[in-house]
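Below, chain A partners chain B and then partners chain C, in two separate complexes.
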Partner chain A sequence: MKTLNIGKQFSTDPIGRFRTDGDRSGETFREDYLKPAIESLESGEKLEVIIDDGIESYGSSFLSEGFAGMVKYGYITGDELLSKIEIKYSNEDFEFFKKKILEYIGKVKYNSKVYEPSKI
Partner chain B sequence: MNDDKNAISSTLASKLDCMFSTSSYSYDYQKITDVVRENSLINESLHRSIEMVNAVLSTQLESSHGSKVFIPIVSALIGALSAYLFNRFHWTMVERKKKESESLTMLSTLITELETLAVDYWTKDYNKEDQKNEVYIKSRIRLLTKYIRLINKDKKENKDIKNDLEAFESDIFDLTTGDDFESKNRKASKQKAMSISFRCSDIRALISYFC
Partner chain C sequence: MKKLSRKQRKIDVKIGLMHRQGRSKTKNGHNNNNGSGFSGSDVNNWINHYKYNGLNISLNNNRVTIILPERLNFFHDYESTVLHLNAIRKLTKNKAPSHKAYKLGSVNFDDLKSISTSAALVLTAELSKWDDAVRNRLKPKVENWDPNILFNFYELGFFDLFKNKPSNIEQLKSATTPNKRIVKYIKGKCGDDQKTRVLKENITNIIGDNINKWMFLHSGLSEAIVNVSHHAYPERLGLSEVDKNWYITGSYNTFTRELKVVFYDQGIGIPKSLPASDVWEKVLSFLSSLSIAERKRDEVLLKAAVELDRTSTGESDRGKGLQDLLEFIRQRGDGYLSILSLKGLFKLEVKNGIESIKSEHFNYPVCGTLIIWCVTV
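Moving on to the complex of A and B:
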């Protein structure tokens, strides 16, 4: 099992949707952290994503772009992504954000948009 | 013994004879004597039975004399305990209702704060000063989800408001922090601001119903 700790490895202040909004955006997280981490998994291996370490809150724009973007841009199907990641938290307040991440992944249409980087 | 009984029967019969002789009823002296004698025999066995019952009852009363004294005390204690338990249950329910009402009032205040911040945020284009509002909105959202979680934990008996609150937190999170939230490209959206305001007013009305 591999681990991706958003607060420690990415940022304690994740904000915005696109790279144009800053380097702590959902797009940056997805492209530079989540996607490589998923691709590095071996067969049957899982990625543990810790969402509450040093983080106060999330916005929907970050979560939907960061997680559901993986499915929207056709990198992986929703079911596959859900089978490969495990969202972890120790603070019960983050139960809601986990629920939303799973909801976004479950609702988004696979490969419904071609990815065009917002900033080169 | 039987001679005594016969004598008693005869005496009783003669007395009855005296009583009936003055009345207009017809009677048969011999018949009355026989009936009295017969009853005397029956009465003796009845007497014995009654004596036996009396003896048994006396024994029972003597043996249960101690517990008999405690019956009123035990009854009083049970009564007092029942009253205490009922009182305790009643006040626990009153306190619980009061606590629930206070929590819902706090939640309602928080929703009003979020509505003001979010409507203000979404009725203006991107502004560098908005970063402060973004922080406020995100902190209110987190508090909102926290309160709703805590309220729903306590409010097991009312599934209607529980489901409504959960649907609200999900909707308001998407509405308020979705799309171009925290983006430099954000444009004012009166429609979004209206939706936020409507959703907040709607849930406040529902909350006030349960307060």
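Moving on to the complex of A and C:
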């Protein structure tokens, strides 16, 4: 099991959808952290994503771009992504954001858009 | 090229003179303002019309003094409040070179006896815009201000706006013990989201305790800031960076224990931003059962923008930010959220866990988007 601790490895203040919104955006998280972490998994291995370590909060634009973007741009199917990640938290309020992540991954259409970086 | 007749030449000269003197009028009697009339005439007409319809001003040649009413409050005195705030915006924006064009000379606070937190923030934002426009040359005259108003504005950080601060503020403010405490407002640019942490610290300081479920308010504020970056100040308007701001503040009534957090941007408003957004087709489909006239109403578009998020089918993952605004109130199970944008209001109220939604149309627009969270702590 590999671990991606958003607060420790990425930012305690994730915000925004695109890189143009800043370097703590969903696009940055997906492209530079989540996608490489998923791609590095061995067969049958899982990625534990810790979502509440020092994190203030999340906005929907970050969560949908950061997580559901993996499916939208055709990197992985929704089912496959859900089978590879485990969302972890100890603060009960973060249950809300876990549900949001699962909802966005479950709803988005696979490979429905071609990824064009918002900022080179 | 056709040679001009003597008669045509006389007409052209006369029109030219009228333009320069600011007297240009079309046949129907309206000032011609499409590049040939003096460009301040729209504002002059607006001011002249509303000074007989609720706007309290005095005129000295082309210098306008806006006299603020006794109460500024978006809920109990909406029309009067918006009229005075919009007059400041219109006059501040009036860059017409004509000597006939009305210009903002001063804003008189002497009659003002009470002001809501949201009205204080919008007023501060408008005056900040004016101060930016005149290169920080404004100086407030506070001698005749009501002491409570002075204290409110002092706490809000209003006087920090001005390089020319009045000298006797400390003396004047010490004479008051108001029920309402206001935290210093924060002015941010697109993407300046980390400033919300400062707001949290300031609010926690005046309440003396942490605010339960704050993370959901933080989430709403973050999305509001992202929305400002994406939609409020579109490139096509060619605005300079100095004009692309948002403002937040909070207040706490020690008597009623009511906490208000207010966010304001001076952008084009949510209803006007929708046609250029990714969700416009979904908005149209959402509103397809309504008449064309109804679909254009700001309150209808505003409600659609909020509701669409909730009912989204997953065809697109965009347009989800507005539901985040509601979550703080929902999580706390009590309180309200109001979104005022242009002529529309969307309000979610939760009482004892039961939700009600209100949508309302106003005759006068808020120039931008104003978001108010109110809970009892």
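What we mean here is this: the second predicted complex is superposed on the first by the 120 of 120 C-alpha atoms of A that agree within 3 Å, B and C clash if a C-alpha of one lies under 4 Å from a C-alpha of the other, contacts with A are read in each partner's own complex, and residues count from 1 in each chain.
By definition in this document, a contact is a pair of C-beta atoms (placed from the backbone, for glycine too) under 8 Å apart; a residue touches a chain by one contact, two chains touch by 3 or more.
Just so you know, these numbers come straight off a predicted model, no measurement behind them.
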item: Overlay on chain A: chain C relative to chain B, clash or fit; value: clash
item: Which superposed partner A:Pro36 touches (first chain B, second chain C, both, neither); value: neither
item: Which superposed partner A:Lys107 touches (first chain B, second chain C, both, neither); value: second
item: Chain B versus chain C as contact partner of A:Pro117, first or second or both or neither; value: neither
item: Touching partner for A:Ile15 - first (chain B), second (chain C), both, neither; value: both
item: Touching partner for A:Gly54 - first (chain B), second (chain C), both, neither; value: neither
item: Which of chain B and chain C A:Lys72 touches, first, second, both or neither; value: second
item: Colliding stretch - chain C into chain B, listed as 55-63, 145-153, 163-171 or 181-189; value: 181-189
item: Footprint overlap on chain A, comparing chain B with chain C; value: 15-17, 20-21, 56-62, 64, 93, 96
item: Chain A contact footprint on chain B (complex, rising order); value: 134, 138-139, 141-142, 145-146, 149, 169-170, 173-174, 176-185
item: Complex contacts: residues of chain A adjacent to chain B; value: 15-18, 20-21, 56-62, 64, 92-93, 95-96, 99-100, 103
item: Residue ranges of chain C touching chain A (in the complex, touch as defined); value: 191, 193-194, 197, 213, 215-216, 218-219, 222-223, 225-226, 229-230, 309, 312-315, 317-318, 320-321, 323-324, 327, 331
item: Touching residues (chain side chain A, partner chain C) in the complex; value: 13, 15-17, 20-22, 56-62, 64-65, 68-69, 72, 93, 96, 104, 106-109
